[in-house]
Amino acid sequence: MTDVSPTLAPPAPAPDRSAPPTPAARGGQARRLLALARRDLPATVGAVVLLAIVLAAVLAPWLAPYPGDGSHATHPLDTLAGPGGRHWFGTDAVGRDLLTRVMYGARTSLTVAAAVLTVSALVGVPLGVIAGYTGGVVKDVIMRITDVFLAFPALLLSVALATVLHPGTGSAIIAISVGWWPWYARMACVTATGIRSRGFVDAARCLGVSRIRIMARHVLPNALTPVLVQLSLDAGGVILTSAALSYLGLGPQEPTAEWGLMVQQGQDLFITDWWVVAFPGLAILLTAFCFNVLGEGLRSALDPHRELTR
Amino acid sequence: MARRLRLPALAAALAACVASVAGCASGTPPATTALTPTFTYSYPLDVITDWDPATSYSNELVALQNVYESLTRYDPGTGTVKPQLATSWSSTAGGLTWTFHLREGVRFHDGNPVTAQAAKAAIARTIAAQGGAAYIWGAVSSIDTPDPHTLVFHLSYAAPMDVIASSDYGAYVYDTAPPGVKPGALKSWLEAAHDTGTGPYTVADWNQGQEAEVTLDAFPGYWGGWSGRHYRQVVFDHTPDVTTAWQTLETGDVDFRSQLNPELFKEATHFRALGTQATASLQNLIAFFNTAAGPLTDVRLRQAVQNAVDYDGLLAALHGSVGPAQGLIPSGLPGNDPALTRHQNLPLARKLLAEAGYGPGGRHLNLSLTYAQGDDAQQLFVTLLSSDLQALNITVDARPMQWNAQWAQAKATDPAHRQDILLMYWYADYASAYSWFVNLFHSAQPVSFNLSYLDDPVVDKEIDAIPQLTATDPAAERANYALLQRQLLEQDAAAAPLFVNTYQRVYASGITGYRDNPAYPDVVFVHDLEPSP
Amino acid sequence: MTPPRSSLTVTDLKVRAGEGEDARLLASLPHLDVAAGTCVAIVGESGSGKSTTLHAMLGLTDGLAVSGRIMVGDTDVVTAPEKALTTLRGSRVALVSQSPQSSLNPTMRLGTLMRRVLARHGIRGAVARQRADDALRDVMLDPELLRRYPHQISGGQAQRFAIALAVALRADVVLADEPTSALDVTVQAAVLQLLDRLRAEHGIALVLVSHDLAVVSRIADHIVVMRHGHVVESGPAADVLGAPAADYTRELLAAVPTLGE
Amino acid sequence: MLTADNLTVAYGRKTVVHGVSLSLDAATGAPAAGAQGGVALIGESGSGKTTIARALLGLVKPSSGTVRFADQDIHRLRRTARTDYRSRVQPVFQDGSEALNPRMTVGTSLREALRLRSDAGPTVDALLEAVGLDPQLAARHPHQLSGGQRQRVVIARALAVDPELLILDEPTSALDVTVQARVLDLLEELRTTAGLRYLLITHNLAVVPRLCDTVHVLFAGRVVESGPATEVLTSPAHPYTAALRDAIPRLGTPDAADTRSSAPPARLERSDAQTAATGCAFRLRCPAALDRCTTEAPTLRPLTDHREVACHHPHGPA
Amino acid sequence: MRFLTQRLAQSALVIAGVVALTFVITRLVPGDPAVTYAGPRATPAQLTAVRRQLGLGASLPDQLWRYVTGLLRGDWGTSLHTRRGVLTDISTALPASLELVGCAMVLAVVVGVPLGLLGAHLRLGGGRSRGLGRWGRWGRWGRAAGDGSVRATSMLAVSVPVFLLALAVQNLFAAQLGWFPVAGEYTSKLNQTSPLEHLTHLTVVDALLTGNWPVLDSALAHLVLPALVMAAYPVGVVAQMSRAALLEESAAPHARLERAYGFSRLQVLTRFSLRPASGPLLALLALVFAFSLVNAFLVEEVFDWPGLGRYASAAITSSDAPAIAGVTVVVALTYVVTNLLVDLTQAVIDPRVRL
C-alpha cells in the first residue's frame, strides 16, 4: 500500500498495530479535490467554464471588443444590428455591443452573487451556530425569526424590499440577502445542534473551554463544510434570483450591464431581434448551470459519505 | 396623453365583475351590418378605469369616444373644429359668449331626446364633479338654454369654446336622468357598465381583468345611421404583451392594435394582410430642468445640457416611432414652428460648461433625473443622455419611478429634495397649444405641472393673454407663441422638448376608412370604418 | 435429516477494488467448504476482509472485481447472471446482518416485509402465512410482532426476525455478519444459541463472521482467521483454538478477556 | 471525593436515571496495596450509565439529587471552583474519532487543553510519550490515526490538565480486540504512574477487575447491585448480574458438551422484551420472578457489609 | 398530539411575525397611498377624507392593530389599484396561480420522481463489474451516459431562468409555430357564446364541472405552455433530489438485506427505498411549492396569466401597499400551511416520526 501523504512522518512506532486508515481517509481536502477533478469530469468542466466566465468578467475592460459599451457609451446610429463580424452578439436598442454587455454583465452578476453569499453566510452562520449550540430559548427565538423570513419567499421579499429601496445593485444585494441568510442560519443551527452532542465538544466542556471558544474553535469549523457546499450550490440560485429581480426592473439600473435587465429590455424585440434576449439569457443559464454542476461536484467531494449520490 | 394613461387608475373602478347590460341596445342593428359582425381592438392597458363620462380621464376614452359624443370634433387635418352634436356655433363679445345649435332628432341610448337642457345638465354635472378634465370648462360662468336646441355659454374670460367642446375628455354630452335611475344613483349605475351616450355604440359587456374586456353593440337609433357597411359590435382586448398582440394580428383574431414597437411595426409593413398607418401625435416628451434649486439654476448649465442632447440620434434609435420636436408645440397645432427643431451641439455645450467651471477638465457635475418606469422610449433617451453627458464630465443619476412617486418628489416641499431633470409627456386636453404654456410654465403655488419651477412674471403675463387672443386674434396668438417659445426654450432654457410621438397603428388591411385622429389618442371611431365585404 | 452435502464451496476467491495496477486486494480465500448442518466462522478485526468475503458469497459486491469460484449447489455465484442470483438469494443463501434494526426497512411493518420476501420467492397466501407462523415460532417470536415497525422492537427481536426470514425461506446457507455485536451481552448468547439450534435442526450451513474468537468458539466447527484480506489460519475449531499456528491467532486468543476465575 | 446522591436525570418526560447514589474516593492518595481505587458502573445499553457519567461531569443537569465534589454541588460551582473541578475530573469517551475535533491536529487539541492549566505543565511531546505515542503524531489530524492511537490521544488530552479522576465511558468498546488489551494496559500503567483513579463505565464485565475494586450494576436506570468487584462478579446476588456474568463469551470448543445445543436459558423467549413498567423492572427477564416482583419494586438494601442488592430473592453470597 | 399543538403554535407565531414584517414593509412603500387612491387632482379635502377612509391618520400601533384585526375579520384592506377588497381580488387571482402551480407540482411528481428513479437505477447498475462481457463495457458506458443525461437534464431545468424559458417557449411554440396560444387563460371571447360559470375559479375545473367544452378546450390549450415552463424547476429539483435520496436509501443497510433476499436493484428502489426516501422529498415539495408560487410571478408576467403574480406585479408598479401586503401574507400563509401539512404527512409515511 502506498502512502498517499508523503509529507507526513513515517508511521509512528505506536505499540498497537490496528488496521491503518484507508487511503481515502488520508490526505488533505485539496488532494481529494485534485483526485475529484480527474474523476468528476462534469464538475471539472463546470469549474473551467466558470473560471472563463470569471476571467471574462475581471478582464472585460481589456478583452471586450467595445469596452465603453459596458457602461456609458451609446451608438444611436448602430442600433439592433444582428450578430456578425463586427458585433459577434449583435447590438442592442441603443447600439451597444452585446458581447461587451454580456461580459460586463458577468461582473454584475458575479459581484451580486459573491456579495449576497458573503453577507448571508456572515449573518446566518454565526446566528445558526449560536442558536444550535446554545439551544433552549435562544434557539427558539432565533429559529422563529428565521422561520418568519423563510416564510417570505426570497423573491417576494426581495421584490418588496427593492420597491422600498432605490433600485440598484446595492439594494438588490441587500434584498436578496435578507431572504437568503435564514437558510444558512437554519442549516448552521441543525449542524451545530448535531455537533453539540459530539464527543469532542463534551470533552472541551469538561476541560473548561469557554463557550465562545467552543463555538468558534470546535462548532464553527465543523459546521462549515455543509455551508461551503451550500454556498457553491447557492451561487447559481443567487444568480437566477438576481436576474429575476432585474427582470422585474428592481435590480441594477441602466447603464449597468445586467443580464436579467437586458432580457427584460429586449423581450419585446424577441420576435424581430432575437439576439437581444438570447445572449444575455444564455449567459444566465450557463453561469447558473456551471455553478450548480460545480456545487454538486463539491458536495460529493467534501461530503464523502454522500459520494454515492453523485 | 401618457401623462394620464400612465397614471394609476384615476377614478373609481367598479366592484361588480360581470355586468349585465339590461336596458341598453335593445333594438336590432340594421341588417346591413350583419355581414361583418365584430371589430376587435387590441389595447395594451386596462381599458376601463372609470365609466362616468363626467370624471373619466384615462384609458377608457378609446371605448367611450364610441359611446359618447361631444358638441364638436377636432380635425387635425385642417386644424379646425367640425360639427358633431352641435351643427353650428358662433361667438360674440370678444369670445365671451358662445352659442351652439344642437342637432335635432338625436336621442340618448336610453331613449330620451338630446335637448339643450339635457346638454346643459351634463356639462353642469361634469363641472360640479370637479374630477377628470372638468377644468376645461373653467371659463364658463353660466349656461343658457333659450330653446331646446340652442345652448349659450357665458364666459368669465375669453376662451375658444368650439375647441374646448371638442376635448377628448370632459366634453361628453350625456343624459343625467336616464329613466328608472334615481337622481342620486347615477354614478353607481354608470359604474355597473351602463351608459347614457348618443354615440353609435352602446356598452354591452364588461369583464374587468379579462382579455376581452369591453364589448360594445351598435346602437340602432344612432343619428348618423347605419346605411352602408359598418361593424355591429366592437370588442376591446386588453393585451399588454406585444408578442401576443402580434400573434393575434397575424392570425386575424384582432383587427386593430394601437401600438406595437418600431421593429414589429416595420415587420407589419411587409405583411399584405396588415395595414399600417404612422401619424404624428400631439404628444411630446419634455425634459424639465430645475430652475429653482440645484446646479441647473445656472442657465449656462441648462443650455449646455440642451445642446448635449443627441436629438437626431434619439430619433434614429427610436426607429420611426417618434418625430422631431419642433419647439414645444407638436405639428398639427397652431404655433408649431419647424425652425425650433434642435440638433446636438457638443462644442457649444462644452464651451458653456467651461464658462460655468464644469465640463471636461472642470468640476464634476452630478445631475439627478427621474423618469417613468417601464417607458422604453424614456429609458432609451436617458441611456443616450447619460452617455453623452458622461463624456462631458457630467454623471446622470437616473431613477425610473412610478409617476406618483416621481411627481411627489418633484413637488417636495424642500426644493433640495427635488430632481434636477424630470421627463414628462404632455398632451393637450383640447387642441390648443395653450395647454403647454399654462400648465407647464405658468408659475403655480403649490407646484402642479410647472416642473421647471419657473417663476417669471413676464412669462406669466404673456401666457395669461393667450386665451383672449385665441378667441379673437389667431395671428397675434401665433406671434405670442413664437415669442414665448424662444423665451422659454432659448433664453430661460427651462426645458428641452425631445420628440413628438408617432402613432404606429397596425390593422387588418381589409378595413377602409381608417384615419388616425391624434386629437383623440388611440381612439378608433369605429362607425367611420368600412369593413371589407 | 438432510444427507450431508457441501452447501457452499469457495475456491480461489479474490475480491479486489479498482482496476489494473491500482487494484487493491480486499479479501482472498483459497478454499472453504461449508457442509450442511455445520458452522464455519470467519474471524478477523476491522479491515480484515471478512465481511467482503461474506458479501461475495451473495454476489453483492457492487463495483468490486471478484475472481474464483463460489459454488452454491450447482450455481457459481461469481459468474451467474443477475437473474439467477436474485432467485438464489434468499431461497438458497440468506443473510443475517450486523445492525439488526437498521437492516430492516424503517417504513415497513415486519409482516409486510415478511410477506413481500416470501412472495418474491413465489410463496403466497395461506402457505406464506403458515411459513411465517412456523418460522416465528421457530425463533420464539410472538406473531403479534408482525404488526410492528422495526423501531418498535428490540435489537434481539430484530435479529431473531432476520433469522426467521431465512427460516421461512428454507435457505440452505445462512450467512451471519457479526450477528451479535450490536446486541446487549445478555441477548448475544441467546441469539447465538438460536443460530446454532437452527443449524442443527434444519441442517443449515452457517457461515458466521465475527471479530471475537470467544463468540464463535462454542458453535463453530471450522474457523478461518483473516487479517488484511488474507487468511492467516484455517482449520477445525478445536485445532485453531487449542493449538493456534499463527501468532495473530494467539494474539486474538490472548485478547479474550477473562474474569479471572 | 466525588459523590452522587440520589441522582435522578430525565430527558423531557423520560426518566433515565432513578435515584442513583455512589461515591468515589478521588484524592486520598494512593490506594491500598492490591486495590485499584476504581469504581465500575456496569450495565447494558439504555441502562443509564452514560447519563450518570455526563451528570457527574456536569454535562447534564440532574432533575433531582446532587453531584458533589469536595462537598460542593458541582452544578452550582463558581467560576474558579469550576475550573478547579474541571482540572481534577476528566472524561475519556467511548469513541476516539468522536472525542477529537476532526478539524484540529492532535497537537492543537492537546495545546488547547494545556492552555487551561494554571502552571506550565508538560509539553505536547511529553504528553504523547506518556501515552505511548510518537510525538510526531502531533501534526496529524484524527482521521489519519488508527483507533487505538486516537484513544491514546484522548487519554493524553485528559491527562493534560493533571486530573485525579478519570471517568472512562466504554473506553475500549469501539476498538478491535487486540487493541483493547493494549489500551487497558496503558490505563493500568497510568493508574500507578499518574496516580489516577477511575470511574469505569462498561457493559463488558471482563475489563472490570483490571481497573476497579467496586462495582455498581445498573438496570433500567437503577442500581440493582453493588459491592466489591471480585465478590459481585464471582457470586452475583442479583439475577441480572448473574445473567451479565454468564453472557461473557468464553473460549470453548463445539465439543464442549455443556453449551452446544443445550436448552436455552429459562424464559429465553422473553429475554429481550422491554423492561417492566411496574414492580421489579427486571422481572420479565428474570428466571426466578415471584408474584411479589410484579407488584412491589425492590429497593436497594444491604446484603453483607460491603454489598447491596435490589432483589426480593437474591442469590446468597457464595 | 403534543407535537401537533407545538407545531401549530409555531406556525401561528411565524404567521404573526410575517404579518408584522409585512406591515412594516407596507409602511415603507414610497408614495402617499391617499394620493394614489384619490388621484393627482384630488382636492386637499378629498385627500383628508381618503386618509380617514384608509385609516392613515392613526398612530402606527393603532394602524397595526387595525390591520391585524382586519386580517382576522377578512378585511384585508382595499386595493389602491383595483379599488376592490384585497381579499376579493386574491380569491379570484389565487386559483389561477394554483392552477399553474398545481400542474407544475403534479408534473414534478409524475415526471421528476420516475426520472430520479431512472437515474438512480442506472447509476447503481452502471458501477457493476460482474459479468461484463464483450458488450459489458458498452453497457456500463450506456448506463453512465443515461444517468448523466438524467442529471444534466435536471440540472439544466434547475439552472434555466424561468422568465427566459417562458419567453423562449412562448416565442417558439406560440409566436413562431403557432401550436399554442401566446398568452391568457382562455379565449375570453368564448364568454359571449358559452359563458363560464365560476364555481372554484379554477378555470379547467369549472369548465369540467359545468360541462363547458369549448372553454375547457381553450383553457387546456392555454395551460400547456405556462404549465410546462412552471414545471421545469420542480421537475429538475425533484428528479435530482429523488435520485440522491434513493441512492442514499439504497446505500442504507436495509437495502443490502433486501437485495440479499432476492430483490433486484430496481425492485429494491421502487418497492423498498421509495417510501423511506419520500420523507425528504415531501419536505422538498413543500419548498418547491412555495418557490413555484413565486416563479409564477415571472411566468404569469410573460404569459399574461390572470393570477396572483400578475396581480402582484400590477400592485408593485402602482405602489399598491395593501395589495402587496395581501399577496405577501397569502404566500407566507401558503408556505406555513404546506410545511405544516408536510410535517403531518411525513408522520403518516414514516412511522418513526411521532405526532
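A, B, C, D and E are the chain letters, set down in written order, and residue numbers restart from 1 in every chain.
Note that in this section contacts are C-beta pairs under 8 Å (C-beta built on N, C-alpha and C of every residue); 3 or more make two chains touch, one makes a residue touch a chain.
Since we're looking at a predicted model, the values are computed, not measured.
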{"item": "Contact-graph distance - origin chain A, target chain B", "value": "1"}
{"item": "Shortest contact path, chain B to chain C, counted in steps", "value": "2"}
{"item": "Most remote chain, CA-based centroid, reference being chain D", "value": "B"}
{"item": "Chain pair showing more contacts of the two, B-E and C-D", "value": "C-D"}
{"item": "Central subunit by CA centre of mass proxy", "value": "E"}
{"item": "Gap in Å, rounded to a whole number, between the CA centres of chain E and chain A", "value": "24"}
{"item": "Whole-Å separation of chain centres (CA-atom averages), chain A against chain D", "value": "48"}
{"item": "Chain B-chain D separation of Cα centroids, rounded to whole Å", "value": "91"}
{"item": "For chain D, residues contacting two or more additional chains", "value": "147, 176, 178-179"}
{"item": "Overlap residues in chain C, where contacts from two or more other chains coincide", "value": "45-46"}
{"item": "Junction residues of chain B, two or more chains touched", "value": "243, 246, 373-374"}
{"item": "Chain C to chain D touching residues, read off their complex", "value": "39, 45-46, 140, 154-157, 183-190, 193-194, 196-197, 200, 211-215, 217-221, 237-238, 241-242, 251-261"}
{"item": "Chain C partner contacts - residues on chain D that touch it in the complex", "value": "44-45, 147, 176-181, 203-207, 209, 230, 233-234, 240, 243-256, 259-262, 264-265, 268-269, 271-274, 285"}
{"item": "Partner chain B, residues of chain A touching it in the complex", "value": "71-74, 76-77, 79-80, 93-95, 166-167, 249, 253-255, 265, 268-273"}
{"item": "Residues of chain A defined as touching chain E within the complex", "value": "42, 144-145, 147-156, 159-161, 163-164, 236, 240, 243-244, 247-248, 260, 263-264, 267, 270-271, 274, 277, 281, 284-285, 288-289, 291-293, 296, 306, 308-309"}
{"item": "Residue ranges of chain D in contact with chain A within the complex", "value": "54, 57-59, 82-83, 86-87, 89-91, 93-95, 98-104, 109, 112-113, 116, 132-134, 136-137, 139-140, 143-149, 152, 154, 157, 160-161, 175-176, 178-179, 182-183"}
